[in-house]
Amino acid sequence: MELKNNMRSQVLIDALPYIQKYHDKIVVVKYGGNAMTNDELKDAVMNDIVLLSMVGIKVVLVHGGGPEINAMLKKVGKESKFIGGLRYTDEETIDIVKMVLCGKVNKELVSSLQTHGGKALGLCGCDGQMIVAQKLTGDVDLGYVGDIKKVTTKPILDALNNGYVPIISTVGIGEDGHSYNINADTAASRIAACLRAENLILMTDIVGLLEDKDDDSTLIPTVNVSEVPYLKKKGIISGGMIPKIDCCVEAVRRGVKKTVIIDGRIPHSILIELLTNEGIGTQFI
Amino acid sequence: MELKNNMRSQVLIDALPYIQKYHDKIVVVKYGGNAMTNDELKDAVMNDIVLLSMVGIKVVLVHGGGPEINAMLKKVGKESKFIGGLRYTDEETIDIVKMVLCGKVNKELVSSLQTHGGKALGLCGCDGQMIVAQKLTGDVDLGYVGDIKKVTTKPILDALNNGYVPIISTVGIGEDGHSYNINADTAASRIAACLRAENLILMTDIVGLLEDKDDDSTLIPTVNVSEVPYLKKKGIISGGMIPKIDCCVEAVRRGVKKTVIIDGRIPHSILIELLTNEGIGTQFI
Amino acid sequence: MELKNNMRSQVLIDALPYIQKYHDKIVVVKYGGNAMTNDELKDAVMNDIVLLSMVGIKVVLVHGGGPEINAMLKKVGKESKFIGGLRYTDEETIDIVKMVLCGKVNKELVSSLQTHGGKALGLCGCDGQMIVAQKLTGDVDLGYVGDIKKVTTKPILDALNNGYVPIISTVGIGEDGHSYNINADTAASRIAACLRAENLILMTDIVGLLEDKDDDSTLIPTVNVSEVPYLKKKGIISGGMIPKIDCCVEAVRRGVKKTVIIDGRIPHSILIELLTNEGIGTQFI
Amino acid sequence: MELKNNMRSQVLIDALPYIQKYHDKIVVVKYGGNAMTNDELKDAVMNDIVLLSMVGIKVVLVHGGGPEINAMLKKVGKESKFIGGLRYTDEETIDIVKMVLCGKVNKELVSSLQTHGGKALGLCGCDGQMIVAQKLTGDVDLGYVGDIKKVTTKPILDALNNGYVPIISTVGIGEDGHSYNINADTAASRIAACLRAENLILMTDIVGLLEDKDDDSTLIPTVNVSEVPYLKKKGIISGGMIPKIDCCVEAVRRGVKKTVIIDGRIPHSILIELLTNEGIGTQFI
Amino acid sequence: MELKNNMRSQVLIDALPYIQKYHDKIVVVKYGGNAMTNDELKDAVMNDIVLLSMVGIKVVLVHGGGPEINAMLKKVGKESKFIGGLRYTDEETIDIVKMVLCGKVNKELVSSLQTHGGKALGLCGCDGQMIVAQKLTGDVDLGYVGDIKKVTTKPILDALNNGYVPIISTVGIGEDGHSYNINADTAASRIAACLRAENLILMTDIVGLLEDKDDDSTLIPTVNVSEVPYLKKKGIISGGMIPKIDCCVEAVRRGVKKTVIIDGRIPHSILIELLTNEGIGTQFI
Amino acid sequence: MELKNNMRSQVLIDALPYIQKYHDKIVVVKYGGNAMTNDELKDAVMNDIVLLSMVGIKVVLVHGGGPEINAMLKKVGKESKFIGGLRYTDEETIDIVKMVLCGKVNKELVSSLQTHGGKALGLCGCDGQMIVAQKLTGDVDLGYVGDIKKVTTKPILDALNNGYVPIISTVGIGEDGHSYNINADTAASRIAACLRAENLILMTDIVGLLEDKDDDSTLIPTVNVSEVPYLKKKGIISGGMIPKIDCCVEAVRRGVKKTVIIDGRIPHSILIELLTNEGIGTQFI
């Protein structure tokens, strides 16, 4: 890219009010989708997070890892079984989930962030009993799929205060010591709320909330959480969007200043959202 | 057990000088062998560690996980291959090693310690770049088997200062960000040295160093590290004992006050070693 | 005592939940009676306190010294005069009381605790104006016998924070600077209340509160403070027990979690009370 | 300026290694020349400094104010008198110098930085006896022109630690309490050295050091301080450049990592120097 | 002065209760009038302030500088124009005011206090946006004469905590960054209130409030602020006294313990007011 | 005393350089002689110490109590026995010494200082094992008369840091836990040395060191410790002066800036010594 110095400096100066806005504030990023599988995008995300933490923003990274779990299950000859969009998680599955999330995905993210010049610490819900879970109740028995009962922010705040970006696998721990599979969006939402985060960013593989789902130009940039029931009724929020947007609403209701669904397929989408005046995707306030 | 109160109080009082000795000091425990597979022994170890941390001793737990790695390799249909006692670790194997150690064994230990009333934080060598590794050089190419280049104690000390027992998986990280399989005894030895530990305890499945390996009554209770070459020459230290005792020697040489090989098959062997005047196994000073 | 190692470790593990319960909490011990005159018992008490402070319990020791005061008064040819169980304290007597308590008993306890491996600091009510007293009013003029007007906890907390066991003589100071003789049970009760202690232990020469005062097997292990008036009416609490139990009630009413009357004639009674599941004597809650 | 988001984010990411390099480091900026008189340039400088302090760089601003002093002297009918490039400073002149620098220029800079969103604190050499001066000795008597005897960094570090950008007028204070006029370049150089600054930036109205002073394309980007005598001998460093470059050499000799002469006429020249890989002007190392 | 040692020590001892009273408390001194122009009185004031800060009293010095401003205006050929006792302040005048107050008077006071052995830091209303001002509204347009909108105590408290006597010029800063001339009495009153000062001392050139303004023996030593309206009605408070006494009333109403109008023409009047039992002048409570 | 205000303020100002000199410095005062028995003098000493601590001087008070010990020994019918000027101290005597010093004299001083507005904490050599002693060896067996083996300054510094004037009884503690009678001058000298005190003041009942012991006008104001052997040889230092002056020499040799023998019979002699330019008595430097 050929950019003159005056343009470079102008871009930096343009970012100043945004840096000031988020300085010393907590931003929770739910990392997932293409941004996690495409190498170039991964690289961009890591760079973004190192930059954000360097300019004084306290980033907390929460990740899932569905595709890697599926791959591992396949490798050990175990069929992935989903009921109502949620993974049926028997004893053997939760073991695989834990290994893949905490032992593979989490540690690779920690390594990667450090290779990019950051400092990171991997945590899962059992470390310092951060995410206390209980069996999800409902019509169907999903096995070791959990509901969050309590979030202990101490391990996260310790990591931030000690100068690390906390990278969190959303495996929860029951009061009996058993592990539970927790939906990463839900966990990110609860963690953001407990940390009184300034912003919760959910990285997805969609442009944002569209009035007409086949037309990207109908992106709704801002939604007030009170409008969500109406948008559901109208069918604008539907299908797989529902649980994700429910997480947004929940986070805002519990005190997060804003939640944004961004298009993780765009490189540096986190940076664009946080440090430019355009923003991308749909924000819920 | 039927014990009168006066006996109970006497036992507690007898422990006092040992508690005073280790108060506020760091003790590194390398956890492995039967003590890690037998449920009753595991329970006793967890209780011991909670008690030790409660009376003001700073315990750092380092663990391996060979049997669990073998089981998982078998499950994915991958043959375990050893060369000169060391696991040949190709790309696929290091992934399994990492998952099993950091994602399964480590997290189960964290959960278990907390179920017993302690506070724990799981760490692996990549967290905060704690264990920087490089490819082990030698006659044979062992793949991703690593040698420790540098230990950063900050993540361990942060955990201790924040009130947690750090539980460490010995997966190291190369400067290129790749993971390396590190021998747990070696890692425990180096970590103990860097932490200036008061004591390094290696849990094993043997009684200790025996003059006559077939006669438990010939246990050598104390060895000065300068005598080790002579004991090797005489064949008293031989076979699988050699690398383990080399770790003991190395730790003492680098500043650890003493290193003890204890019999992990005895319940509460850690407590007996640290808080009674008998000690068990063989200590190197 | 011949105890196998497994028994030793079991006793230590059995103590764990109690250590956890009192960890970082304040326990006030009123020291007196046989436990203070019998050398073997004294030794056991000192060991107990060193052990308790080593495992993280904040012990505050409050002592009287009646027998030593009597001995000294006799030595200077002064008759001990008691009115309604309280010592008539004229100018000369208060001088002797002060000398014996603050100059002899207190300093001997400080020395003794340190000889047993602890760290101690002797304090009396005038240090840092810790116990502000006023003349006890009532039907009879008892001279310089005082009532506690105010407790300043700063000198006690300073000592605890600086790593010492505070050992307190209960000589109070009037606003005019004159010294007053304060009942040690009363002082311990007020100090425990002001420190929001977890437990106040009164060492006595009785088994505890008995339904039938001639039958030790009728010990009442637990009394709710609301039952005390009824027990007084029934005559179960009577005589010299009344003021002591009033101190227990007062402490509980002012916020101490529990108060225990223990039999100081049993060696290590403090340890048994705090670190075993039996407890001894009668607790008031 | 029309810039796409991907370009914006790329510019930010490109700045990351430079932000990391200067993070938590002290950078001293000598502000002067056109950058101080042209409104647009002033605006850019203020924005640069706010941005730098926001991304964790500790900026210290040192300023002169020759043109404003001249204007004020003229206003009160006092002739500006220069001897060998230095202002002859009698009693009346030092009063005007002090008023203009500390009371006008300094306070306007403080206000301006704050209007741009920063936090600033104005200091002069007499505050906390920061710059202790003595009469400059030499062939000619220059009146109250001073030489720096000692720099006390405490007021500067206090300001930085309290979260302010310190803005410094270079009026020194004699041990007799009299004020002295100190050359701002010299003061910036000494202050940078005493603060162990990472970088000292001197803003000037020239492109940098040129091999052929009439040809901007002959800019020498880097000079090792050991080459300076040779460059003087060759006449490449000559005239008014000599004292300025002597300040650069002096700062590097006393421990500043590098000193840069930048062209203050280019907007955002500070940002370009610190946060891009081009740099501008001539650096002395 | 020939004073015997016993008299010297008695004076010191007599000061003790007053030192105790003001220890660690904030006292704001509005410095002005003769005490600021007469060299001997200046000397005494500086000594007083160094002594007070040495004995643990937190002194904040607020100053005006009318005569010096007039002199400078005259020097540049600008007429001083007063409307209703307030200086008409056009653009040119506010520049002179700022230069004289912040650049000359303030810095001379800082130097002087340090020459007397103290540590001082000069501040004006724009430093750290300490005094945010807005244009004074009223019947007449007075130009850049300001009203205090907000006082930020952080820069003052930072200076005190860092060990300096803060010396304050009362130039305020508008939200647009423009400077405003603020009456020093008013500023001292507001600053004292925001700092919850123990005492606000206004140095004047009068004996205090007199019942008969021509008879010094009719000094009213103490006035309750509730009596002020009555004293105004009776004409005892009149003319130039009115705004000054309004400042006293305002300070007391906003939480300052007492405000005193003292006769700055008496050497060491501050010391006499604070450290003797006589007090001087008139106090408002 | 009729003193005009200007005289009062002058006295305070005259004290300023001395306050500055001792500010935040430790001054050890050995209290004894008439100043301790005469009520008016006692009152003056207490006032002096409160004043000194209020103006930021860290006073440590060390006291003896010979007359009170004698009185008590007499009261219990025990003869005071001196050998070579030192009290023969058998088991019974050391008990009395301890009671009188730690229980009576010390606590009365603590009370008294507090009645005068100070904050005090009584300490003896056994508190925190402050003064570790061993049996004084020599030609004659003096019983429990001790020599200082080690001074632990922690309890003294803790008291100073917690805001108290430490008041110290010089009863030492042997490593066996037994108490020893320590000469108060010697103890004060060692404590001052270990605290790196600025000044050690020994209060006595003499004018100072006189050339002609019968002529007060021959007072030697200053002695360099190197001159002491010569003064001893000449007989100017003789008799009871020898051990006292040896303490002065020892303190200076071990790092105390100066030691002064002052005439405690003069009221406020401490204040005169520390806060006036006259000084009294003889100083050793």
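Note that the chains take the letters A, B, C, D, E and F in the order they are written out, and that residue 1 is the start of every chain.
Just so we're on the same page, a contact is a pair of C-beta atoms (placed from the backbone, for glycine too) under 8 Å apart; a residue touches a chain by one contact, two chains touch by 3 or more.
The structure displayed is predicted, hence computed values, not measured ones.
Undergrad: I need the pair from A-D, D-E or E-F whose contacts repeat those of A-B. Over half of the residue-number contact pairs should coincide.
TA: D-E
Undergrad: Centre-to-centre on C-alpha atoms, which chain is most distant from chain D?
TA: Checked the centroid distances; the maximum from chain D is C.
Undergrad: Counting in whole Å, what is the centre-to-centre distance of chain B and chain F, each centre being its mean C-alpha position?
TA: Centres of chain B and chain F (C-alpha means) sit 57 Å apart.
Undergrad: For chain B versus chain C, what separation do you get between their C-alpha means, in angstrom?
TA: Roughly 45 Å, centre to centre.
Undergrad: In chain B, what residues contact two or more other chains?
TA: none
Undergrad: What is the shape of the graph in which nodes denote protein chains and edges denote touching chain pairs (line, ring, star, complete, other)?
TA: ring
Undergrad: With touching defined as stated, please give the ring order of all chains, chain C first and chain F second.
TA: The cyclic sequence of chains is C, F, E, D, A, B, beginning at chain C and stepping to chain F.
Undergrad: Would you pull the chain C residues touching chain B in the complex into a rising list?
TA: Touch list, chain C to chain B: 1, 3, 5-17, 19-20, 23, 44, 47-48, 50-51, 54-56, 117, 266-268, 271-272, 275-276, 278, 280.
Undergrad: In the complex of these two chains, what residues of chain B are touching chain A?
TA: Per the touch definition, chain B meets chain A at residues 72, 75-76, 95, 98-104, 106-107, 110-112, 114-115, 119-124, 126-129, 154-155, 158, 162, 164, 171, 173, 176-179.
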